[in-house]
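Below, chain A partners chain B and then partners chain C, in two separate complexes.
So, the complex of A and B:
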């Protein structure tokens, strides 16, 4: 059953990727897009497929995998099924910094927005970590409360900037808060890749430890987990994944919360088994969501976060009803 | 052979010592019961012995080597730790929880081998939960959950078992099962330390008793050395009857709260 589910998951990912490349818009037929992929076809077709659709697909894969993996890891780390990358204020910090950058930086310096977003995420992570430190070290409850406080502060900053920003700058700033893969480019994908691969390796390395941590810190320590070290590494890795995702795609909710639960319903709760599947499922959902966001109301493009929610919720409800 | 040897052990939380200068030795095949009033530091002592909580002073040696020099994973292979309760954030099945006991034997990438599956199945059978492997633990009673945690510790095949009040939710039959399981472990050469409130259960299981009061050892020794009415008056503030039992330690029956504390000299 689980092996069959693995095959279906890979098939869905490949189908979503193929659809994103071949059926990404009305400008090209699938045959023309295929020719462009093979290096033939018109220069315009090659530009659309290789210069626009391929980076957008790669960015979608990276952002989806990053958010879902970070969500699954944080849920285990904090022993809280409702934890998600955004609960801890990491995305809020990144989004506030990016919005400020859009509003304040001159047009020639807008390339600095992703770097600013990452800095904001890092700052928020540090702030949450500092606020969560109690006499017995950072506790899960304090961490979530600190995340809620940082998110509230970030929302206030974003709303203030949106109220005061000159109107020509508003679309860019709003895109950060709504979430979009429209700014995908080959350099963006290259920048984001280490922010996904290195933290993902760290989290997969600690997959078994995370499963034990989900039963509480004392229980995990009794089973051989170096709790303080693992907690620090996992929190930083999840922060890097979220910061990277916000920097290049803005705030996309739902994926980090629901994809891990969808995967749990199919593959069970053993975290070591769950994490890699969560990455693949998150990537597939993001690519599918982006495809729908581009095509559903074309030429208007929907925020991809809206679509991932619309796609994911029915699956979630169906699986929830079916699960014992 | 000495499995665990604590000397002058002190430690607690946030810089405040709860345990103060405790000595405790566990040898192969020995079962030690730690008793004492609420707040005496029994669970804290167990955490210090398991290395989960760092000692502020004193030393704990595991198999002749200071605990501080052990890797956490190696400690977990040698010591099976059974906490009082575990919060399950996700609905794991009985088998999934017991499999966690094999984690110290597996690296980050290696999936469980047939040897690990066999240890898990044996541990589940030992606590009498065979046939319930796929049941989510959230559907189990409190007592059954305690048995799952015991099975998880047994699955790691430890040389030493530390149990924090393992019988609080067990019915009489399962208490007897617990006595049999721990007795068999001890006869196989394992060491056992259990924190327990029920004196009669402690007397059935343990050959050595350690009584804590306010973080210090108030009495320690064999049941005949420790079981004295004045100890109960001084430490627990109760009068007890010690009812003789043929061929074994007496039953302890609490009669009433005592009117005044007796002097009771510390023993070791």
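So, the complex of A and C:
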């Protein structure tokens, strides 16, 4: 059953990737795109497929995998099914910084927005960690409460900026808050890659520890888990994943929250087994979501965060209703 | 709109500010919104934030002029609820601009000036039509922002601007006036011309987009980029015909009239055509 689910998941990912390359935009037919992929076709077709669609696909894979993995890790770390990069304010911090950059930086410096977003996510992460520190170290409950506070502050900053920003700057700032893969480029993918690979490696390495932590901090400590160290590493790794995703794709909701639950319903609760599958499922959902965002009203683009929610919620509800 | 002498007019956006002055009603304008910068006389008038209902009411306006292009709908609604007369223009075409001239002229007690200004708009459009008739039809986009790519769609005055300059709008209909569209549209082989307002943010955005794969046809000159005077092209007010005249003049300068052939090899217009990028990305 689980092996069959693995095969289906890989098949969905490959089909989504192929569809994104062949039918990802309004300018080419699938046949033209296929010819371009094979090295034939017009120079324009090659530019569209290799210069636009391929980086966009790669960015979608990275962002989806990063958000879903961050969500799964945080849910296990904090033993809370609602934990995700949003709840903990990490996305909000990045979005607030990126929105401020869009509103305030001179247009020639807008290339700095991703770096600003990462700095915002890092600041939010530091704030949550600092606020959550009690006499006995940061507890799960304190971290979630601190995250909620940071998230609320970030939302206030974003709304203030949007209400004061000069109107020509609003499209860029709004794009950050709604999420989009439209700015994908080969350099963006290259920049993001270490922010996904290194934290992902750290989290996969701590898969067993996270599984034990999900059953409770005390029992995990009793079984030899260095709770404080694991918590620090996992939290920082999840924050880096989320900060990178926000920097290049804006705020894309729902993936980090729901994909881990979907995977848990299919593959069970063993965190070690769950984490890699969560990455693949997140990547698949993001690529599918972006495909729908581009094709539903083509050439108009919908916010991809809306689409991932619309795609994910019914599936999630159906599985929730069926689960014991 | 009830009758009544208008002594104090408060415009809520730069385009209706310009309209009030163009109609000879500058002496009636009590204050102007912060973004208003034309005509030069506005510089000596008090300023207010257009979302600040209290500030607007404190000016004791007999008439507030608003616009669907740049006024906050909630502010308009609130002002009406509080008993203030608000006249809202909805300029989605040059015909609607002429109509707005007549209606606002009547509303502020300058009906003759309204008719005269409307006739002037129509006469200039007729003159432009004669010039544009010599141009081959091309397919175009009106870009209001490069990244994300946001364009003027059918149902906007920018669509009408393109149409009157013998340009067929590639932007989709039915998705709002200024939808965010797929950047692949810039690589659509049907696209011949991109029109954009000449302001710093847009120029900088253009400099970035031509260095990306999406801007390849812009960089190579396969797509001609025409920059229009920003305020004239962005504000649906009395200076909008200047944007149309500039667009048609730029097109005439670029095309070879009558041949039906646009030559990428033909010399680009020095004033308003594509600035050549300084190099391709690594």
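The rule is simple: the second predicted complex is superposed on the first by the 324 of 324 C-alpha atoms of A that agree within 3 Å, B and C clash if a C-alpha of one lies under 4 Å from a C-alpha of the other, contacts with A are read in each partner's own complex, and residues count from 1 in each chain.
Please note the rule applied: a contact is a pair of C-beta atoms (placed from the backbone, for glycine too) under 8 Å apart; a residue touches a chain by one contact, two chains touch by 3 or more.
None of the values given here were measured: they were computed from a predicted structure.
Trainee: Considering only the touch criterion stated at the top, classify A:116 as touching first (chain B), second (chain C), both, or neither.
Mentor: A:116 sits against neither chain B nor chain C.
Trainee: Does the superposition put A:224 against chain B (first), chain C (second), both, or neither?
Mentor: Only chain B; A:224 stays clear of chain C.
Trainee: May I ask you to decide whether A:206 touches chain B, chain C, both, or neither, giving the answer as first, second, both or neither?
Mentor: first
Trainee: Does the superposition put A:151 against chain B (first), chain C (second), both, or neither?
Mentor: Neither: A:151 stays clear of chain B and chain C.
Trainee: Classify the contacts of A:268 with the two partner chains as first (chain B alone), second (chain C alone), both, or neither.
Mentor: The first partner, chain B, only.
Trainee: Please give the residue numbers of chain A that touch chain C in the complex, ascending.
Mentor: Going through chain A, the ones touching chain C are 25-28, 42, 44, 47-48, 50-53, 55, 106-108, 110-111, 167-169, 171-172, 175, 180, 182-183, 185, 294, 297-301.
Trainee: Which stretch or stretches of chain A touch chain B in the complex?
Mentor: Those residues of chain A that touch chain B are 75-76, 79-81, 135-136, 205-209, 211-212, 214-216, 218-219, 221-226, 264, 268-270, 324.
Trainee: Can you check the complex and tell me which residues of chain B touch chain A?
Mentor: 13-14, 47, 50, 52, 72-77, 79, 81-83, 86-93, 96-97, 99-101, 103-104, 106, 108, 136, 152, 156
Trainee: Residues of chain C touching chain A in their complex?
Mentor: Counting only chain C, the residues touching chain A are 70, 144-145, 147-150, 172, 175-176, 179-185, 187-189, 199-201, 203-205, 207-208, 212-214, 216-217.
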